[in-house]
Amino acid sequence: MSVWLQTKSWEEAKEAIKQSKGVAIVPIGSVEQHSYHLPVGTDTYVAMTIGEEAAEKTGAVLTPPVWFGWSPHHMVLPGTLTIRPEVLSELTYDIIKSLVAHGLNKIILINGHRIVNVVWMQLCAQKAQSELGCTVKIFDPAYMSKDIVKKLGFGPVGHAEEIETSHMMARYPDLVHLEKAVDNPIKDTPLYSVDPTYEHDTLCYVPSTLEHAKAAAEKSGGCTGKPSKADAERGQIYHDHLVENLVKVVKDLQNS
Amino acid sequence: MSVWLQTKSWEEAKEAIKQSKGVAIVPIGSVEQHSYHLPVGTDTYVAMTIGEEAAEKTGAVLTPPVWFGWSPHHMVLPGTLTIRPEVLSELTYDIIKSLVAHGLNKIILINGHRIVNVVWMQLCAQKAQSELGCTVKIFDPAYMSKDIVKKLGFGPVGHAEEIETSHMMARYPDLVHLEKAVDNPIKDTPLYSVDPTYEHDTLCYVPSTLEHAKAAAEKSGGCTGKPSKADAERGQIYHDHLVENLVKVVKDLQNS
Amino acid sequence: MSVWLQTKSWEEAKEAIKQSKGVAIVPIGSVEQHSYHLPVGTDTYVAMTIGEEAAEKTGAVLTPPVWFGWSPHHMVLPGTLTIRPEVLSELTYDIIKSLVAHGLNKIILINGHRIVNVVWMQLCAQKAQSELGCTVKIFDPAYMSKDIVKKLGFGPVGHAEEIETSHMMARYPDLVHLEKAVDNPIKDTPLYSVDPTYEHDTLCYVPSTLEHAKAAAEKSGGCTGKPSKADAERGQIYHDHLVENLVKVVKDLQNS
Amino acid sequence: MSVWLQTKSWEEAKEAIKQSKGVAIVPIGSVEQHSYHLPVGTDTYVAMTIGEEAAEKTGAVLTPPVWFGWSPHHMVLPGTLTIRPEVLSELTYDIIKSLVAHGLNKIILINGHRIVNVVWMQLCAQKAQSELGCTVKIFDPAYMSKDIVKKLGFGPVGHAEEIETSHMMARYPDLVHLEKAVDNPIKDTPLYSVDPTYEHDTLCYVPSTLEHAKAAAEKSGGCTGKPSKADAERGQIYHDHLVENLVKVVKDLQNS
Amino acid sequence: MSVWLQTKSWEEAKEAIKQSKGVAIVPIGSVEQHSYHLPVGTDTYVAMTIGEEAAEKTGAVLTPPVWFGWSPHHMVLPGTLTIRPEVLSELTYDIIKSLVAHGLNKIILINGHRIVNVVWMQLCAQKAQSELGCTVKIFDPAYMSKDIVKKLGFGPVGHAEEIETSHMMARYPDLVHLEKAVDNPIKDTPLYSVDPTYEHDTLCYVPSTLEHAKAAAEKSGGCTGKPSKADAERGQIYHDHLVENLVKVVKDLQNS
Amino acid sequence: MSVWLQTKSWEEAKEAIKQSKGVAIVPIGSVEQHSYHLPVGTDTYVAMTIGEEAAEKTGAVLTPPVWFGWSPHHMVLPGTLTIRPEVLSELTYDIIKSLVAHGLNKIILINGHRIVNVVWMQLCAQKAQSELGCTVKIFDPAYMSKDIVKKLGFGPVGHAEEIETSHMMARYPDLVHLEKAVDNPIKDTPLYSVDPTYEHDTLCYVPSTLEHAKAAAEKSGGCTGKPSKADAERGQIYHDHLVENLVKVVKDLQNS
């Protein structure tokens, strides 16, 4: 039987809530350009596959995904949909509020969108924690894979790069066109890095402007990084690492 | 190849936009109790299946679904998620704004949720039309099946009733537990009917309060109507009728 | 003595509240073009005359009218004033909140504006019911006259048409210039009708754009329908029917 | 023929706009307790009668009244309706925006409510002036009668006092019950006066709290001042003075 | 030891709160052009010096200043920063809410900006009083110096005029360049005065438009009034008068 | 002559804007408990001293500080003032908008508050960049000192810890009471670290709840880290490093 909430009748949902020990997972992604070789839904697919596997292993309730994210700069390429961050924050707040009303007061937001979505999720999480009396955790693959990324020898976090591509190859091979990938190696910018694993002085992240995003769009179809180096094997190891971390987070919450 | 936007790279999206003649379909539903026999995701599943088939027949662009709707009264039963109508309106506005930015300026919102969601969609549609210079149509199964429902001898529109159940049986048989269905025949209330096909004097629709929703919850697990009379065959005819109407609406827009 | 709240001292208001058994009526209309032959205040006048007569017959409290409505498309002609629906919703919410504070917790909103205003009233009514613990009914002449309109042989609901014109002729003859009326017969649009009595498949109502409204403005001075067929006699019967229905709604609330 | 906009067809409105030289008057009041002897609609009646007479003398366009004002403290007595100031500001902004769209870009807001409403009108007026490129004036009887009030020997501005009562006796004698009036003489509060004619050091006005408003309610039925000294004769002189000032303001705008 | 809250550890703050008997002072000003001879921070400096001296004499808690005000019209000259009034109102509301949480429920807002800021402060004060159960007073130098201004023979309230200039000369002599001052005598405008001490009929204050502000900018570098007549001696007397009044207000609150 | 904008007349501001090559610095901090040994204004003092020194070295325009930050969890101890993040974002947006209007379209927000304020600054910066066509950088001491902190052997980033305390000792020695400092060593939490220099897997930062903040409050007066190890010498080196980085960022903008 599927772990997704949407497939269950309310009686089945009731039973699932009971089994979950109060933990719900909300996968959140984006619809945004991922260069020539990955689908625009990549971020949401990533959040869904991690969430689904962890839910199966722990009994956490798994809500339908929020397909839409904050991607103002990626509007430079067709297929991207961008939602204002305050709207996403309110939407997610209402999802959390509904979950809490049914006794699910330990919420994990999975952010398949990396970095950008984190901002509004932090606002949402703080508001939910203080107004609804629940616990909210933000699980972001980029922050949650610092150890494994080093180990696997992946290059830095960019966009549609080696890491994301490997992950998609492992989990959704039919949606990847590796043969179309164009590398756009990440160059050091003085005092600025988007990568959460960056160890030197840096200004804080702000989403690029449309103008800046055009450069990457023209150069490599919207990619920053080296997708050509991707492979499914490391993608699966990376995936398993994320799932393992998510399972730990769920179990900690279930036992708290 | 799938018609869903999320599965496409931006180059494939670009081509799809070109083929669509400017028409995009956005399936919108809800996650709310649908009695003992239907899944909480019913409304979104309904919007998805109609949208997918019409997109295949017309080349319209099909966005990922908005899984969440306005269901304050159904919070009486577990598994329901409700979002404030102003949040849904802003979310959908931003989806439309993004679509328009890519040249998709003829938008069809499919409302799998019937009646309730219509309200905020009207606000969203008016705002989008006047501010973004696009055309927005609201396609609602209850309003778009008045003719066929009469013909098929279905009872009145309620909740998780004969019509919805037949539709789900035809399209998602694995998610229906007809054996669990409990009938809750719709009684006439003087001067009040929720059914858009009702031909007599009536007050306007306002979503029930939690208190009133409890009655149906206790009586029939949240159903109003006679799901026991449902069958897949009429469900398929009903479905085909809706798809045919949607195809007509798409083609009219493509030719306008 | 007048039934209007604004004419009473607070002591008289206190007594009226007591007599009302908790029921208040709020007439809401619009200031918008009604073609060559009707005044721009028509919608509010309609709501006022129905409300006043029902208040006299039942002892319900009658508040001053909200003169302003949502009429974005009618801005095409001078004299129209349009208010954003979210502003009207908040305004009416505060009126209801004030009434509830004085013990009037059964509220009837009369919508003289038909169709358009219904949208924001639904949002307002739901919010008021769930946050203020009151009961809110939306009384709309178009929905509340389906039976009598058929009986009287009136044509379909349009704008400044036979029905509205007859009603105004019966109640405010001095404000009607029937000799100026220009007919603009309503043609069937495939899969779209604004009329709540329409019995076939239809997309949901969305207010016209300014561009579309120009067509009717140029053709018939803003009318859709056949005002030339109007007469005061049927207008009075129509009026009496609406008042009778409103009296029923008030009494049901008083006895609940 | 009536000067009120609501009574005119759009053709008549068009002609009236032309005659007005761009000036529109919007009467705004409140529905709030005015002690035992005046109706709750007093503030709106005052704004209406001044506006109507000035419109007749100048050809300015006169909109229907906004019956509702900001009266949080007067909720202590029944019949009072209070609207949040930000809602009133947005409502009035939309009225102005509509007027400007029809070429009426010199707006006079008449504030029958004195002092309290001034606050949100200032916000509204500034926003309208800077965003809509129009001119907005706020005409408040208390500020616009400093000279005549001294001359007539009226006591200080309070609530339902000598001045307001005299005005209502002159203009709406049927709505005044002078025999019920109870005096509540205004005492000096150190460093605080609500009266715009006060000539000494003072803190700025802030509406009373409900708690403070209870005192006046219990003592004199909600009056502060000496209504017993009112008479229609001085009320008419006061009225004529206000109309004369308003006519001056209109003419200055018409000639600017 | 400094009376400013920002200099204290929380233990010192705790003790200061205890000594204050619940009274906190919040100095609020603006950053806006003050002609050739005064700094753009004048309004905040004024609020700070009054607040500091009164806090020293009474033990009231003194928060850091809000440096920013509402100055849309003064944007005509460089160095001006203007914040929307609704933002300032919400900011100040949150400051008050935080103070109330620590037991400081008698708040005095000092408005160094005169007239303009008063508007949003009134909204903020009313909201805070009704929602937070605290007392809020608005202390504005122009309203609180009516008596002394007459006595000292100062001219009318304008901008960067004799009064403000004298005050700054007494308290911040290093920031004043009197030799650069250009007079721009205030002429009577029929039925309009900004001065709270004006004793005749007047429309209510609305901030100038950018267009109107240009006139004063070009004529006198943004001044209205006669700064050339300023002197430090009267400035100090004026200052002492304001401090004395503020001390009275604080003590009244401490004893209430 | 002072570099602070508030001290300048508009003519001096005009000249300063010219010299700045379009760069403005906005220091933003907080008023929140910093344990027994640091003042509640610490975060703003830190932003001010870095900003002032860099402005002196580069000619960038320096605005008055925003004294207030987002500190919901620190409300557990007296003296803390917390502002909602959306209010701070709108306030800072308006400051930026005003600066841009005067030709300062390269803005640096200095965040003395570390981590927490970053969230709303990111929203503000993105909005300003896309709507106002300016460049906005967020300069945060914790992100901008990763290199020097390692070199100096400072412990991890906490609150009122060794780093902040050393910085304050170097720049505002009179406001530090090192003798009162109580250590509260930072323990590893599995999969969670607030420190931007943390190199392992982690959930994303969410501000603590009031309940969690109580623990640190009770244990160490609100400190996390080892302030007892602080010294002014390393504080000055740390300060110089930050100033040097800020000067680099300013110069890069001036040359862009």
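The first chain written gets the first letter, and so on, giving A, B, C, D, E and F; residue counts start at 1 in each chain.
In this section, a contact is a pair of C-beta atoms (placed from the backbone, for glycine too) under 8 Å apart; a residue touches a chain by one contact, two chains touch by 3 or more.
Chain identities (UniProt): A, B, C, D, E, F = Creatininase.
This one's a predicted model, so the numbers in the text were calculated from it and none came from an experiment.
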## Note on the structure
Chains in contact with chain B and also with chain F, listed by label, are A
### Task
Sort out for me whether E-F or D-E is joined by the greater number of C-beta contact pairs.
E-F
## Note on the structure
The distance between the C-alpha centres of chain A and chain B, rounded to whole Å, is 28
### Query
If you average the CA atoms of chain C and of chain E, how many Å lie between those two points?
49
### Message
Two-or-more-chain contact residues of chain F, please, as numbers and ranges.
### Response
none
### Task
Please report the chains around the ring in sequence, anchored at chain A, with chain F in second place.
A, F, E, D, C, B
### Message
Touching residues of chain C toward chain B in the complex: what are they?
### Response
72, 85-86, 111, 118-123, 125-126, 129-130, 136-140, 143-148, 190-191, 197, 199-207, 209-210, 245, 248-249, 252
### Task
Within their complex, state which residues of chain E touch chain F.
4-14, 17, 31, 33-41, 44-45, 63-68, 75, 77-84, 87-88, 90-91, 94-95, 98-99, 101-103, 175, 177, 180, 221-222
